[in-house]
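Lettered A, B, C, D and E in written order, each chain numbered from 1.
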Amino acid sequence: MKVTRSNVYSRGVILSVVVITLLMTVLPLWVSNNAIERLTVLFIYITLAAMWNTLAGFGGLISIGQQLFFGLGAYATIRLSDLGVTPFVALVLSALIVGLLSWPISRFMLRLRAGEFAIGMWVLASIGHLLVNLDPLIQGETGISLIALNQYPIETRRTLIYWSALIGMLGLLLGLFCLLRSRAGIAMQAIRDNEEAADSIGVDPEKVKRWFFLFAAFGTALAGALWLAQASTFQPKAYFSVQWTAYMIFMVLVGGIGRFEGAILGALLFFVVETWFAATGVWYLVGLGAVAMLCSLFLPKGLWGFIEQRLGIQLIPVGYQVTSPTSQIAKPSPKETLCRHSEKPSS
Amino acid sequence: ADEDTIRIGFISPRTGPLASFGKTDGFVLEQARKSLAKGLTIDGKHYQVEILDRDTQSDPARAAQLAKELINQDIDLMLAISTPEVINPVADASEAAGIPCLSTVMPWEAWYYGRGAKPGEPSPFNWTYHFGFGTNEFYQTYLSQWSLLDTNKKVGVMYPNDADGNAIRAVLAPRIAEAGYTVIDPGAYETGTSDFSSQIALFKAEGVDIINSFPIPPDFAAFWRQAAQQGLHRQIKIIQIAKTGLFPSDIEVLGSLGPKIASAAYWHKTFPYTSPLTGLNGEQLTDMWEAETGEQWTQQLGATLSLLDAGTEALKHSNNPKSHDAIRDAIASLNVTTIAGKVDFTSGPVPNVASGPIIGTQWIKGTGKHKLDYVVTENVTDPNVEVSHTLQPYNR
Amino acid sequence: MQKTPYSQLKATGIHKSFGHVQVLNGIDFTMDTSDAIGIVGPNGAGKSTLLSVLSGAQPPSKGRIHLNDQDITQLPARHRAKQGLVRTHQIPKPFSGISVFENVFVAAIHSATPNRSEAYDIALESLELCGMMHIANREADSIGLLDRKRLELARALATQPNLLFLDEIGGGLTDGEALQLVDTILTLRARGIGIVWIEHIVHILLRVAKTLICMDNGRILAQGLPSHVMANEEVMRAYMGGSQHA
Amino acid sequence: MINSLIQAILLGGYYALVACGLAFMFQVMRIINLAHGSLAILSAYIVWEITDLLGLSPFISVLMVLPIMAIIGLILQRIILERAAKGGELLPVLTTFGLAIVIDNLLFQQFGANTRSLSPYLGDLSWESYEIMGLWIGKLPIIVLLTAVVVIGGLDLVLRFTPLGRQIRATAFDPDTAGLVGIDARKVAGISAAIAMMTVAISGTALGLRGTFDAYAGGPQLLFAFEATIIGGASSLWGVFIGGIILAMAQSLGALIHPQGFLLGGHFVFLVFLFARIYLGNHALLFKHWLSKCFAKGGVL
Amino acid sequence: MLNISDLDVRYGQFRAVQGVSLSIIKGETVSLIGANGAGKSTFLRAIAGALPCHQGRITFKDENITLSSASHRVQRGLALVPEGRRLFSDMTVEENLLLGKTTNRDGEWTLERIFETFPNLVKRRTAKAGNLSGGEQQATAIGRALMSNPELLILDEVSLGLSPLVVDQVYDSIEKLRQTGTTIVLVEQDLARAIAFSNRAVCMLEGRIVLDKPCAETNRDEITQAYFGLDPSQTQEAI
């Protein structure tokens, strides 16, 4: 009778992750500029998706206001580099600052429940937006550009941003992985499912939730800063737009919410769709919407959820499996665990 | 081979909230492509010209992505048009990649200062250039427009907290005041505001004769309808708006409140110029458009064409269109006449900018096949444009 | 995690009301933390509420609760859990999104021991005790009602409590199952774990409880040796009715 | 001052009307409907089409649009919401988000970039107003306010006191069990969707009458609507009415303090409200309880 | 009255009920007995239409209802008191009860009758069902089912969480119900009571029926054996 946390696949995965990482790092030597720039975008998307999944998927904290941190991350970068901090330092610093800022925010927002929290965050985001608009440096919606970056010749600049996006993504994913496998990780899922019960067995919901909130805020802010670095134009409207959260929702739910691989898969999908079809204008958007709808209707557990239940594999194990030599344990055929017990707790 | 094709990137918002800026582009590009079909001959050498047009879907993030994508398809010249949401990201991307970029239509201050240039300091931009009106033109135009009627010289201003609004507030308002007008400024408002009663109350209390505003269409509709409900419109002689009122539909939606609203145009079909690229003049261009689509002409027709004019002229003047530096230098020293008039980078207000006209106009009840007509009432910023109508007071 | 050893839980003058509804009015009760106490009483008497108050899920509107001589009236449930006071819920509240094992494991790692492998053993053991091994990997959402009740117990056990509050975990068990349950409880007793057990199936209760409390209308109607309490005709009237099935 | 107060109330009525469709879905059907704005715009366009074709007054064409939207609602319920709602509270967010994008862009495809408004079809009514002792009160805003009262009041009555209302709430809470007590869950869900869409139609018309709209005008409306809904709380639909007015007042107050304060004011008050409810909520209860106890004591003495 | 022929109910590929056949005559009182996890609830939920049948056939009053919706079955007079109550917890007790008569079939059950039967509900009339005590909730659930004046009442774990006093009350009222000719199927874990009350005992084990006898002819031990599967001889003697 023993408990395992990894499986044949996952060992394979660890290996391939390492390989891919190395590949990615040296990639700029070979591939085209366009590929580099697109990949940078992809990394940012993955980061965003993973961060939203952290909150909603594992924490049950559905926020429609993550653009707050995205925007603030970018804004802080502008501010810092205006003070003469070198851009790439500013990226990290600003993410840290926003991460800190999200602490007092969490103290209030985490008291809100479901719908209220979701909308509350949205409102908070647009407050953030309006306040940033008041900054004379930003000149209202006019915004300003990160011209400090122009000091780098385009090739270096492109590669540096690529690397920082890559490092940022890997770092955050690793962080998330550890967080999920930690005591806090399983506790957070317990809280998601029933806060009172969690409290009654010694879990401190306040604290755990706050950690997740901070982590997501930090990651999202970093993504915002990176996005600014590669687009270099800062217009508040563009960064504090709810569309960013909409994309996160899209990527996570399509990929498979509450599944580590899901967010990544969703981001990939979104990225591919964008790369191939964006040029078709209106129809691209219609398509995007349609995909979102169809997925939510026919793959309620997202693409990865679907794969998982078909093949019963889990590449990146964050859960626990009880295994026994005399396997008298009902190995959950994925299907079975899937079909929900229609019985709701009656209060 | 690639050596003798020139590739021009053209980025504009064809769909999304800004679509009314981009809706004529397809047509204009078609004309341009027709005339470029034979290609260009630049000092002796013959080139094919290819225009790669992209739609930002009114999304700044996407604008930046498109710009990079085009740059990586190694274009030789980038053209961007319409509002800051489109132009600034594209310009920044071009600046970063060292691709010459030419743009027009938005006020140049928002383009120049909005991208990190500081007043008094040397221009931080080596690759990006913009032509078109700025606050100075607005200043001249408004003074001459408002002097057409006798008023108590009290101007109520409604400037939003956005690119244009801020540029205007900073520069225009003080100068109007110097010129002897009393400026009543309730302060910047955020776009999306839906109740203006405090501003309206103020204007009524101050008994302003003139109102000047730079709102987006929905805001203006809300503001002006509420103003009418408060009876403000009865006291207003001139309601002078920019940004809203560029396109007929903005005014049509105001119903009976629409006619006699004063506006200002960066292009009008009566501009007495012909396009060096297509050889069309304003009347011809707009007639073709109306014939082809059945829709009323908009000033964006001329603006887009003028951008293509200027772009192609720059290519011609650079004796080597495959060299970015050559093109850049050509633009920097460009001094040509497009369908929208002079584009002269040698005498701009700041480096990288050539100023263009903005003509006093007014929307009046349509006499022809359209609900409304757009008529010229004033021409200080370009005397070649002929004044066809006298400005009518709004409240009579 | 080292649990402070203690011997006495004391509640004085406990009142609880929700808006206008007076649910508990003036409960005084003291117990040795190694005792086995059974609580019976008509529906709506306030038993579960009393449990909530004792376990810290809800603060009393009035009154004090002492553990030894430490006042824990305001101490939130999670801290009490860490001190060994844990309750199960009458209407099971499983963590439906995670597996049965994980349900139990959370409890173990947060209240019993921060050490992973120890926590594993504790979790597995309490699953074993409650006979849930065979569904250890099932998503908690997919198990039937009684399994949910068992899960409640297993989860509570995994915190390695000194004093267990059980709320109708025996309801709906067949006699056989009920007897198994009693055995489980008795093993816990053997380890010196105290029990406060609400149950309507009195004959099960009596196999464990050394003291019986009968509540009605938020008051303690009778308290003492089971035989006496059950004999008390007030109890008869309020609770047993004419029923012979005890 | 008084004037801006009145203006605020009128604006509030408008918000309430725009929000009530959303509130209905949020409170009763438990769906966070991100497509609310887009659906409103859709109906605005339909109203516009009819008005323009038949040269009717918008007020008439609304009546014609109601059944259309009702049917749309039914269809939505059958092919989209029904499935989405099964997947928990989150899934509908994605579904309706997708729906919103689809609607917006199809509308754009169909109607192009031009901004439109229904007000021209009202002639001068769109800006006429009553002048009462120096105060100007627009006729249109009054109409909107009254409509809000009627619609919300009506819905509220239905939900509270009619069997249908009960069934709607029950079905939304737990369709399976609803079936077990003999409610035809699908039918009822369909009906409530239809009702929701009819209110949305009214919202859309109000929107088109008061201001301008284009294919993408749906989004911006959403946040205000949500704010009004949430301030209003989940207890009753009247909440959204109060919510709308509170929001509007906060905004005008903000605007009085500083013109840029319009939106900020609204947002701040929104948050303040949420937290007030959290922190004072139980205290309020205590207070009541304390009162009742004094009362009891009084009785004893 | 109710005819079930080899019914199969599955969760995923897990067969919770395996080829069960059973037929119930009008006016009978059948108690369904079985260990935890035997498949009783699943079986009953399938009868009531809350779960789809994987295969098999259900006829009620000579009408094939295998595929018809739960609400239709209630309409026809088949009501289930689900395990775990399943109240509409944010509606008041009264509203919950009123919902019971959605199908308004005529019969003598009215709000007042319910409150007479469960006096402990009277003072909670306007309380939210979610805030009720366990027992109060159980009572409300039963009341809700009664409000539809069923001809066949199915009670899953009736006495679960009810105090003996209330249990007696409940059984008294079911008794009354029975006299009015209502057919009753109930899951009762208190064997003695089950045998005493019903006139037929059906015993399930791992999704199958392993014993089906008139109570008169059977006894405690036989049944206990049956549901621990001690005696394989008498598997599946469907009628």
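Keep in mind that, in the parts below, contacts are C-beta pairs under 8 Å (C-beta built on N, C-alpha and C of every residue); 3 or more make two chains touch, one makes a residue touch a chain.
In UniProt terms, the chains line up like this: A, D = Branched-chain amino acid ABC transporter permease; C, E = ABC transporter ATP-binding protein.
Given the structure is predicted, the values throughout are model-derived calculations rather than measurements.
A.B. asks: Can you give me the shortest step count from chain A to chain D, moving only between touching chains?
C.D. replies: 1
A.B. asks: List every chain that touches both chain A and chain B.
C.D. replies: Output, common partners of chain A and chain B: D.
A.B. asks: Identify the chain pair with more contacting C-beta pairs: D-E or A-C.
C.D. replies: Greater number of contacting C-beta pairs: A-C.
A.B. asks: Taking each chain's centre as the mean of its C-alpha atoms, which one ends up farthest from the centre of chain C?
C.D. replies: Max centre-to-centre separation from chain C belongs to B.
A.B. asks: Please tell me the distance, in whole Å, between the geometric centres of chain D and chain E computed from their C-alpha atoms.
C.D. replies: Each chain's C-alpha centroid was found; their separation is 43 Å.
A.B. asks: Rounded to a whole Å, what is the gap between the Cα centroids of chain A and chain E?
C.D. replies: Result: the chain centres lie 48 Å from each other.
A.B. asks: Using mean CA coordinates as chain centres, what's the gap between chain A and chain C in Å?
C.D. replies: Here chain A and chain C have centroids separated by 41 Å.
A.B. asks: Just curious, how far off is chain D from chain B if you go by their C-alpha centres, in Å?
C.D. replies: Spacing between the chain centres: roughly 38 Å.
A.B. asks: Give me the residue numbers in chain D that touch at least two other chains, ranges are fine.
C.D. replies: Only 105, 108, 174, 176, 260, 263-264 qualify.
A.B. asks: Two-or-more-chain contact residues of chain A, please, as numbers and ranges.
C.D. replies: If we look for residues of chain A contacting two or more partner chains, we find 130, 133, 282, 285, 336-339, 342-347.
A.B. asks: Return the residues of chain B touching two or more other chains; collapse runs of consecutive numbers into ranges.
C.D. replies: Expected reply: 15, 161, 188, 190.
A.B. asks: Over in the complex, which chain E residues touch chain D? Could you list them?
C.D. replies: It comes out as residues 48-50, 69-72, 74-75, 79-80, 82, 86, 88-91, 95, 98-100, 102-103, 144-145, 148.
A.B. asks: Looking at the complex, which residues from chain E come into contact with chain C?
C.D. replies: Listed in rising order, the residues of chain E that touch chain C are 11, 33-37, 41, 83-84, 120, 124, 127, 131-136, 138-139, 157, 159-169, 189-193, 224, 227-228.
A.B. asks: What residues on chain A touch chain C, complex-wise?
C.D. replies: 1-3, 183, 186-187, 189-190, 192-194, 196-204, 258, 319-322, 324, 328-332, 336-341, 343, 345-347
A.B. asks: Can you check the complex and tell me which residues of chain B touch chain A?
C.D. replies: Chain B residues touching chain A: 14-15, 54-55, 57, 59-62, 64-65, 68-69, 72-73, 84-85, 88-89, 92-93, 95-98, 110, 113-116, 124, 160-163, 165-167, 188, 190-191.
A.B. asks: Would you mind writing out the residues of chain D in touch with chain B in their complex?
C.D. replies: 3-4, 7-8, 11, 105, 108, 112-117, 119-124, 126-129, 131, 136-141, 210-214, 216-217, 220, 224, 248, 251-252, 255-256, 258-260, 262-264
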